[in-house]
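Shared between the two complexes below is chain A, which pairs with chain B and chain C, respectively.
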Partner chain A sequence: MSQPSERIALPATPALARVSRQVWLALGIAIIAGSMLPSAVTSTLAITLLTQAVIGGILATAVGLVIRQTGLVSFGHAAFFGLAGYFIALPAKHGLWPLELSIVLAIAMPTLLAFLLGLVIVRIPGVAFSMLTLAIGQAFHEFAVRARLVTGGDDGLAINLPRTVFGVATEVFQRPQTMFVICWVALVGVLFGLHLLVRSRFGRVTTAIRENEERARFLGYQTVVPRALIFAISALIGAIAGTLFALYNGFVSPESLHWSLSGSALIMAIVGGTRLLWGPALGAVVFFFFKDVAGDLTEHWPAMIGLMLIAVTVALPMGISGALTKLLDRIRPAGVRRDG
Partner chain B sequence: MAESFAIEGVGLTRRFGGFTALDTVRIAVPDGEIRGLIGPNGAGKSTLIDVLSGRADDWHGTVRLRGEDISAFTVQERRRGGLARSFQKTNIFPELAVREQLEIASWHAETPNVDEVLHEMGLVGIAHMRAADVSYGDRRRLDLALALIGRPTVLLLDEPAAGLSMKESVALAELLRDLASRWKVTVLLVEHDMEVVFSICDRITVLHLGRVLAEGAPDEIRKIPEVVTAYLGSTVE
Partner chain C sequence: MLLQILNGLVYGGLLYILAVGLVLIFGLRRVVNFAHGSLFMVGAYVGYAVATYFGNFWVGLAVSVAVLAALGVFLDAVVFRPLQREDPIVTVLVTFGILLVLEDAVRTIWGKDFLSLKPPEALAGTVQILGESFPTYRLFVIVLAAAVAIGLSLWLRMSRIGLFVRASSVDRTTTAILGVNTDRVSIIVVAAGAALAGLSGTVSAPLLALSPSMGSFILIDSFIVVVVGGLGSFSGAFFAALIIGQLHNFGVVYVPAAATMIPFLLMVGILIWRPSGFAGQHV
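For the complex of A and B:
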């Protein structure tokens, strides 16, 4: 009798070969349009806001992936975001190794950590999982606040960037116009990667596990490792966001590990909708612009964010992306009828 | 040499606190047989299926699959060994299309027979539909179809006809009889519909209060006074 394995066979045809022409077209348009946007937007404030929104969008995409593929809600993704920043700041402060290695570690270490944590915590359903992720995130935050000698405590750490990284002048990471393009390409790349992932056998198996874990087990599938892998992939995406944030700001503080950042990312994901991969990123753009407008109107802007969240969850249970898709689906048959 | 059964349980015991759901039950089903498992509610039928399939924990005894002790095997290992099951409550993937979930089931199977199962179970016409959108009868057949992927050697069916109309139940019974014969599948069938049980089973095991009350061919079971009193009443002819 064969022994169990975690093997999930690869699809017969290469993943890239199965990407439709529409997706390639959308990818091309997205990259070109995003690259041209900074020259169209003259306001530095607006482009700064957009850059923050895109970084927030990558983090929200990470949170949305966990919801979409496992049905679990993470309240601690700021841990992976903030850890990435500290993995860049600390070696830079002590001159331990080149920034290139720090960037690799900043993305790899939170991913590894999430996988190991995931092997334990993805077994725990519902609110308990959310509370565990919250506790883990806050544990890192507390450490960053209290270990002043290592982390600089509440004051945080300034990151001394070298002149170049991977042959690129580090200046480009700190100018909003160029950093927006880098972050945008990263976001589009993440979404494209996830597009391939969710359509792969692995992605479809994780969807099945989300739908009915027991049945998946009775079909012969291990259910813990695939969910831990999804958690790790989502941490990787969160760490990419954290790395970009650290490079952009040249600074990292315990705030980047705080639960309120995890909460904001969750709000972005819910507002945008998690059924579609791009929903959380859309939610992030809406979130940042709504926050900016609300901040101009009142110092109590978090209350307005709360009202927006209530309004969206009540009126658009599938989020803005879900509502948009529904609207397009309604328009499409009408178009067919007109044509027909 | 001892006879090797397709599926065999020896000394199977499971307790829930002070309640003994299974009490040193022995069941042995030879290759190719359709065995009915009947008894009143609470007799331990579903618990026995759970123990044999690996769903239950905290039980005692030995489970053998074609002579091999699989007591310590996980549900995944049992499935790969050729043991599949369906569920009392429909246990499918509601958001996935019918065909998609059968495909996912087939990726672990040595014989990925998706088209064959779709055809045999009469699901071809709804293959593209989301499982949540198909009729209850189709969902029950899909539940069974998921178990049939990979042509298992032993099939444990927990009330496959539950909630089906008389006509659907009879059709399902005929289908099961036919498949078991053609695919050489050994079936252990828990079912309350006595029409189904008595029409397709080679032998029947009667459980009562967690113990085996009787075992024999359908005609023999009908004649046992304790079985009639405990379960059948005077309704089955």
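For the complex of A and C:
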């Protein structure tokens, strides 16, 4: 007789209470290991590369989320990444308001923009969505290049950072050793947030829409708004990456809006695999180290990356993370099905 | 004013020749070739290299069209056909990889610097149109685009292959059941699409500066054309290219800072009104 009361109590239990012990453990290990990594890795070059990879990983996670929850492939996520940088650089240039407010706006405005855009473009099926996001992203890039008076054009803008941000010395954001930890914690936080999201009712509704939009609509679900929300959440994550990148470099340029960045983030997501939430971030690490190694060996690293993309797309449709978990499940006698 | 409209027609014409290749391939294979801009770029470079070597623009044009047609046959055999049972997005990703490889190859062979090609001597002058002088070569581009549009619609309406293409773009499965060898038709169509990309690439070489990234710029505009026109629609692509060409040109002249935003705003507007483009059926 105690069961019904438990069931009624279930919705009241916060989402956090339903997180399994393994996930808490993984979360703890990830944060501790990440915080200790800079003292273990002495080479500044390696830690710089890792910091870039983690920022890239956050952006790739954003792209991967859209693929995972809607099945749509975005070629335009650099727009949200780069816009965040300009939302920090422009007010700082004119001394409009404190940096703290800029950071809030840099994350909020691209999210809002993505939600409004999403209401229009998530209705566009399949491949056309990719074409549209590419065109939209590039429109922002072109605007940043042309509007020289506002954005400084191709030269970009240096960001005048104050001495402290949220009470933390700005220097902390610009030294790779400390910035790595900040970015790492941000990435782990994003992944944890998404873990909660995809298991929530909302996450399951979006999965249902991805599987069969018509049937989901038949069952009485709104299908446009949830997908626009996923697009907006993804833009929020992309804007977090863009904000970290702008603080780290103290500089923004139209390159941060260029479609080749969107393309790279997409490659990271595909190479890492999007079925698992941490796949795109793994793909980012692989991407940056591959680029570093290939860049030392040959001038033709763009072609190498292109070939890697083709090889993974054709041979490992679930990406590296998918292949890894498959391998692990085969080794383990009773493979437990895991996702997220 | 008249000159502005004509200039808009030049860009619209180039866009049309490129975009209609995308439409052809989409109609048959239901995939979008993200490397189409690179085919345009490779076409421009091949045309440039052959034309400067022989000192004759027309030889360059002919060789470029032939080389690109061969590249199209190759692409269909190694990419589009083996991937036809996969999700269309797989082909998108693979052609995106090809884009990176082709850009890198061109950068290696011809370098990063801007190159330029002179228009053929016969078309180097200007003509008087209603009292205003207009470069003959630009007029030639407009005429060529019109000829492509007429030729293509005649081919699609009159020839057997054209019938198969139209049938296949409406319903592939039924077309195949009725005994049409869609793989054979597809080779021809993809080769034609690639050849058109080569044609527009070489023809645009005297108008635009050649650089390895020239393909992505026009690819994005031709995507706007294809999406606004309605994926898979030939007439939709034709009208959309004309409109985008005019808007692009007026934008560059009157509001240079926002020129590239105009086609984009138009696109968003059209999609709010009709999510599948103005001549689109359900994709």
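List of remarks:
Please note the rule applied: the second predicted complex is superposed on the first by the 321 of 340 C-alpha atoms of A that agree within 3 Å, B and C clash if a C-alpha of one lies under 4 Å from a C-alpha of the other, contacts with A are read in each partner's own complex, and residues count from 1 in each chain.
By definition in this document, a contact is a pair of C-beta atoms (placed from the backbone, for glycine too) under 8 Å apart; a residue touches a chain by one contact, two chains touch by 3 or more.
Quantities reported herein were computed from a predicted structural model and do not represent experimental measurements.
With both structures placed on the common chain, the touch criterion links A:R204 to chain B but leaves chain C unconnected. Of the two partner chains, neither chain B nor chain C is touched by A:A144.
Of the two partner chains, neither chain B nor chain C is touched by A:I237.
By the touch criterion defined above, A:V63 reaches neither chain B nor chain C.
With both structures placed on the common chain, the touch criterion links A:I121 to chain C but leaves chain B unconnected. With both structures placed on the common chain, the touch criterion links A:L105 to neither chain B nor chain C. Once chain A of one complex is fitted onto chain A of the other, the partner contacts of A:A89 are absent, as it touches neither chain B nor chain C.
When both complexes are overlaid on chain A, the residue A:L219 reaches chain B alone and has no touch with chain C.
Of the two partners chain B and chain C, more chain A residues are in touch with C. On the chain A side of its complex with chain C, the touching residues are 73, 117, 120-121, 123-128, 130-132, 134-136, 138-139, 142-143, 146-147, 259, 263, 266, 270, 299-300, 302-303, 305-310, 313-314, 317.
In the complex of the two chains, the chain A residues touching chain B come out as 1-4, 8-9, 201, 204-205, 207-208, 211-212, 214-215, 217-222.
For chain C in complex with chain A, the touching residues are 31-32, 83, 88-90, 92-94, 96-101, 103-105, 108, 216, 220, 223-224, 226-227, 231, 256-261, 264, 267-268, 271-272, 275-276, 283.
Here chain B touches chain A in the complex through residues 53, 55, 65, 68, 70, 73-77, 79-81, 84-85, 87, 91-96, 100-101, 104-105, 107-109, 146-147, 149, going by the rule given at the top.
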